[in-house]
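Once you scroll down, you'll see the structures, which are given as C-alpha cells.
In the two assemblies presented below, chain A is common to both, partnered first by chain B and then by chain C.
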Partner chain A sequence: MTARFALALLALACAAAPARAYTIYVTDEKGNTITLIDSDTLAVKQTVSSGRRPRGVMTSPDGKLLYVCASDDDGIQVFETATMKLLRTLESGPDPEQFTMNKAGNLLYIANEDNAEVTILDVVKNQVLANVSVGVEPEGMALSPDGAMLVATSETTNMAHFIDANTFRRIDNVLVDKRPRYALFTPDGAGVWVSSEVGGTVAVIDAATRKILKKLRFDVPGLTPEEVQPVGMRITRDGNTVFVALGPANRVAVVDAHTFEIRKYLLVGQRVWHLALTPDEKHLFTANGNSNDVSVIDVANLKVIKSIPAGAAPLGVASSPD
Partner chain B sequence: MTQFTPGPLDLRRRRRPGALLSVALLAALLAAALLAAAPLAAQETYPPVTVDIAFIAHARAPAPPYVLDAAPPGEGADGAKLALQDDSTTGAFLNQTFSLLDVELGKDDKPTDAAKPLLAQGIRLFVSALPADETLALADALKSSGAILFNAGATDDSLRGVDCRSNLFHTAPSRAMLTDALAQVLAVRRWSKVLLVPGPGDGDKAYAQAFRASAKKFGLKIAAEKPWTFGPLARARSDSITEAAALIFARGVEVDMIVVADENADFGDYILYRTAEPRLVAGTQGLAPTSWSPTHTAYGAEQLQNRFIRMAKRRMRPIDYQAWMAVRAIGEAVTELRASDPAKISADMKKPTFNLAIFKGLAASFRPWNQQLRQGILLAQPMSLVALAPLPEFLHQYNTLDTLGADREESACPLKATP
Partner chain C sequence: MRIIIPMALLLALAAPALAGGPPPADQDWPCKQRRTGAISRAAIWAGPAAQGRWDDDSEAAALAHKLASRRTPIEEVAPLVDAFAQKAGGDKDRRLTLVFEGTLDLINEERDKVLAGIARYARGQRALAAKVSADAEKAADAQEKQGDQGVDQGVLAPETLEKANPELKWDKRIFNDRAQALTYVCESPVFLEQRAFAIAQAIQEKL
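After this line comes the complex of A and B, so read on.
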C-alpha cells in the first residue's frame, strides 16, 4: 500500500513537474553527423561526426548508449550518450538502414538494405545470432511489445515479413502497397501499421491473423495522390494517435488509431522522413530531408512551433528515454 | 557474331546458355533458399504460377575505339535479368516462378522470325529493345497469339501515336517526354531563346520535331535552326585534334542555349566550347534528358545502381533500366493477379490502381490512352544530375507526370477511344 502510494505520488510529481529536457538525436545522410537538440530549449546542443551515411538511430532502453546505422561503412556505431564518444562499431552486415531493439537492450534487429536480409545482433557480445532472408531492400523493422514477433518490410518485394523473434523463422509474408518503408506495432501488440511510400497508403495489419484490416489513404488538399508518400510513423503510448510523415507532401498526418479518421495535416519542412516523440509526448520532432531541418510539433495543440537546422539531408531522429 | 538463319536450333544456340543458366540457377537457388526458410503454409496458400519472359534485341556491334561509351554486350538484357531476380524473390514467397530467355539477334536477323519458335514454346510475354519498325512488326506478329510486347528501346512518338497497338506497352520514354523535360528546365531557368541544330539522321529529325513541339508547349522561342551539314565528325575527331576555327555557323545568333538533335552522338559533344560566342549545349548531348543516369542516386536509386553494378560489373544504362522496368511491371502485375495470362496482365496494368516504384520519386503507371509508362525524366550531364522532371513549377489536373509527353487530349493513338 505504502509502496503503491509512493509510486502514485511519484507519478503525480513527475506529471506536475516542468517539462523534462530530453535529447533529440538527428542523423543526416549527406552530412555524416549527429545533431543533438535539447527538447526543452529547442536549441542545438552539439554536433558530432558519425560514420558515412548515418540513417537509423535509437538509444538503448537505459539511455546510456546511442546506436547509429552508418550505412556506407557497413556498421552500427555505438556512442556513449554522456560524452558522445564513439565506443565501438558493431558488425551489422552490409548496408544497415533501419533497426529496432528489444526491451532488455541486448539485441538489435537490423535491416540490411543491400542484402535482402535481416540481421539479429547481440550487441553485448557483438555477435550475429541469425540472418533471416527477406524480400529485396528490407527497411522497416518493428518488434512486438512482448518481444515475440518481428516485422520487416521489404521495399522492392512489397511485403511485411512476420518473423518469430525467438526461432528467427519467417511465419508469414503480407503483401502491401508499393515500397513499404516503416513498420509500427500498436502498444497492445494487436496491430501492425505499415507505410507504403510509393503506394501512398498505410496498411493496418492484424498481428494475429496477418490480415489487412484497413488501408489508409491521405487526401491532402492541393496535392496529387502521387505526391503523398508515407514513410516514418509514431504512436502515442495510449495507442490512440498515430503520426504519419508524408514525405514530399511536406506534412505529418495525425490519425485516430481506432476510427482511422485523419484528424489533421501539419505542414512541416520539405521531404519529411522520420519522427520522434519525446517520452512525455509533449513534442514530436520530424527530420526533413530536403529543407535540412527538424520541425517541432506541439503535440497537445497539434501545432508546428519551430524549425531547427540539422545538418545535410536529415533522415533519422530519436529521443532519449525517460 | 556469325551470320545465321534463325531457326529453332540456331536460336537455342544463341541464347547465351552460360548467362541464362546462371540466372535460372540463381532464381531457383533463391527460391529454394527462401522456401526452405518459410513454412509450408505460404506454398499451400498460393497456387503455383510460372511466368516465362523473352527479351529480344540485336547483339551490340563492336564499336570503334573512338566511341568512348559504347553500348556494351548485354545492354538491356542485363536490366531484364536484374528485374527477374527482383521478381523471383517476391515470387518465392508467393509460389511464383519467373524465367527469362535472352534472345540475341544477329545484325540481319528479323525479330519476327525469332519470335515464332518462342511462341511455339508458349511464351506470351516479350520485352524488346529494337528500332521502331522492328518493334511494330514484332507487336503485329505477336498479336494473333495474344502475346504482349514491352518496348524498352524505341523512343519514337509514332509508336505512341498513330502506330500504337493494343498489345504494345512502352517503358522507354518517348522523344516528346524527353524534350518536354528539357523544355521544362529551360522554361524554369528563363533560358527561352534556343538555336536548334538537327542532325542528318531520321532519329535526329524526329528528335528536333519533338523539341519544336516542346518549345511551343512550354513557351520557348526557337530563334534559329541550323541543320548540321558538316559531315560526320566523330571519326575525324579520332584522327587528330580538330582545332579548326570556332564553329561559325552559330555566330551572331543571339540565343541562351544550343539544342542539338544528334542521336548517334556524332557532333553534339563537339559543339560545346567550340562556338564563337559562349553557349550552353543541351539535347542529345550536354544537358541531356534521359530515363536513367549513373548520376542519379536519390529516391533509393543508389540501391538499384549498386545491385546492377554487382550483377553486371558495369553501370546501368537507360536501355537496361527500361528493360528492368518492363520485367518489373510484369512482376507487379503477376503479384497482384496471381496469374501470368497476358490478357489479364494487360488489363491490370491499365487500371488506375496499378503503379510501379521506379526509384524516381513519383510512382510510374501506364497511360491508358497509349500504353506509355509515365515516369520522371532525369536531366543529367555526364558527371552531375541537374534536375528531375516534371519540375515542381508545372502542375497538372490529374498527374504531374502527364506534363511530359502526349496527354490524353493530344494523343493521336486510336486506342484512346476504347474505354
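After this line comes the complex of A and C, so read on.
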C-alpha cells in the first residue's frame, strides 16, 4: 500500500465518520443562565443557573472546565462540564466581560471593563499575575497561536493594544474605528482582525508591523450603515474564512480571509453578538440578543438551518473542544 | 475650593449617565446602544417586495394595526396571521407582505416617538446637571463669603451645602433617580424592535 493510497483511505474514512456531538454553551445576559445545546441533535440538553449577567464564555483546552464571566458579580465562575456543578469563582477584577486562555489552560487573560485593565490570572492558584493598564473599557481579548502576544481592544479609547504575553508589557497601540469589541488572530498568527461596533468596520492588522492592512466595510443591501455593527468573529482552522456577526443587521458576513471579498450575508436572529464554530467546523452557532435564540448555520452550505431558544438576551457562545 | 466642589458634584452626578466614558458624540443620545434610525425592512424581512400600498387593503391594514399594537399579546400574533393567510387564499403572499409593510411602518412610527422621548430625557438630565452645578457654586460662594468673615471653612463639605440648600438635594435626587432609570429608558426602543422582528418571523412562516 503506497503512502498516497493510505492517505486517500484515511481521507475517506474521515469523510464517512458520523458528526461528533459537541456541547454548545450559551450565556444570556438577562436570564443569568447557561444553555447547553447538543451540536448533533441541535436540542437543548440542560439549562444551568450562573452568576449575574453572564457574558464571556469558554471551555478549558481539555474541555473539562467551563469558564463564565459573571460580569455583575465581578467574578469568573468555573463549572465542571461533566456535572455542570459550580466548582469555584475566580477573582477576576471588576466587571469581567470577555477573556481568552492559553493553550496550557492555566492562564486566563481578562478584559475588566470598569477599571481599564487586563488581568492575567493563574486559574490553578487563583492568583493575579499581572494587571496591565489599557484604554478605557477594554473588551476584546485574543492570544496569538504561539502564546507570545496578547491583544486587547478598548471600547472607548478605540484602540487595539498589543501586549507581550511573557513580560505583560504593552508594546504597541493601534487606533481603529469606534468601539472595538472583538479581536481575532488568524491561525498562522500573522494577522489580527478587530471589529468596530460603532465604526461599522473590521480592521485587519499585520501582527508583526502593527499596520492596518485592510479595513472591511459591510454594505448589506437595504440596510442603513448604522444598523451594521460588527461584533463577534470566528475563523476556520485553515485560515480561509472569517465569519463576522453584524449586530442589529441581523446578519453574519462570510468573508474570504485572503481576498477580503464578502461572499455572503446570512440572515440570522435579531442582534447577533457572538459566534462559535464546532471543532469539526460543521456548524456555526450565533447568539442573538434580541430574539432570545441561537441560529445554527450549516457551514458547508452557508445556510441557516435552525433557531433554538436560549434564555433571555443571549450574548456569549462557545463549543466544547475535540 | 469654590471651583472644586461644584465640579466634583457635577462629575458625580453625570457619572451614571456616562458609564465611565467620555461624553458621547451625540449629546441627545444617552444610551450605550448605538442610535439607529427606522428599522430597515431588510433587517428583519427575507420575503418578497410589497406590491401596492398597505393602507389600500383595508383588511391588511386592520391586521397591521392590531399586530403593531402593544395591547396584542405576542402569542396571539401567529394565530391572527394564520387566520388572515387562510382567508386570503391564492393572494396570500402578496397580502401578507402588505400586512408586514403596514406593521413595520406603524412600529417605526411609534419607535420614532420613543427615540424623541429619549432625546428629551437626555436634554432634561443635562439641564438638571447644569442647574445642580450652578446652585452648588452659588451656595459655595455664599458660604465662602461667610468663611471670609471668619466662619469655619469646614462648612464647604457637600453635605453641609445640601443641608443649607434643600433644592440642591432634591435636584440631585431627581437626577440620580432618572439616571437609574436610564437602562430601562434605553431598552424601550428594543422592545419595539423585538416586536417587529417576531411579527416578521410569524408572517414569513406563512409565506
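Keep this in mind: the second predicted complex is superposed on the first by the 307 of 322 C-alpha atoms of A that agree within 3 Å, B and C clash if a C-alpha of one lies under 4 Å from a C-alpha of the other, contacts with A are read in each partner's own complex, and residues count from 1 in each chain.
Throughout what follows, a residue touches a chain if its C-beta (ideal position, glycine included) is under 8 Å from a C-beta of that chain, and two chains touch if they have at least 3 such contacts.
Computed from a prediction, not measured in an experiment: that's the story for all the values here.
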Clash or fit (per the criteria above) of chain B with chain C on chain A: clash
Query: Taking the superposition as given, does A:132 touch the first partner, chain B, the second, chain C, both, or neither?
result: first
Message: One more residue to check, A:42. First (chain B), second (chain C), both or neither?
response: neither
- request: Check whether A:114 is in contact with chain B, with chain C, with both or with neither, and answer first, second, both or neither.
  value: both
Query: Which partner does A:221 reach: the first (chain B), the second (chain C), both, or neither?
result: second
Greater residue coverage of chain A in the superposed arrangement, chain B or chain C: B
Message: One more residue to check, A:86. First (chain B), second (chain C), both or neither?
response: neither
Query: Who does A:249 touch here: chain B (first), chain C (second), both, or neither?
result: second
Message: Quick one: is A:156 in contact with chain B, with chain C, with both, or with neither? Answer first, second, both or neither.
response: both
Task: Check the residue A:270 against both partner chains and state whether it touches chain B (first), chain C (second), both, or neither.
output: second
Message: Between chain B and chain C, whom does A:291 touch in the aligned arrangement: first, second, both, or neither?
response: second
- prompt: Among 3-11, 21-29, 75-83 or 273-281, which stretch of chain B shows C-alpha clashes with chain C in the combined arrangement?
  reply: 75-83
Statement: chain A positions within both the chain B interface and the chain C interface are 114, 136-137, 155-156, 179, 197-198, 224, 226-227, 229, 248
- prompt: Quick one: in the complex, what on chain C touches chain A?
  reply: 20-22, 34-37, 40-44, 46, 190, 193-194, 197-198, 201
- prompt: Contact residues on chain B for chain A in the complex?
  reply: 33-34, 37-39, 41-42, 85-86, 89-90, 93-94, 300, 303, 306-307, 332, 335, 355-357, 361-363, 396, 398-401
Task: Name, in rising order, each residue of chain A that touches chain B in their complex.
output: 113-114, 116, 132-133, 135-137, 155-159, 169-173, 175, 178-179, 197-200, 224, 226-227, 229, 248
Query: What residues of chain A sit close enough to touch chain C in their complex?
result: 114, 136-137, 155-156, 179, 197-198, 220-224, 226-227, 229, 248-250, 267, 270-271, 290-291
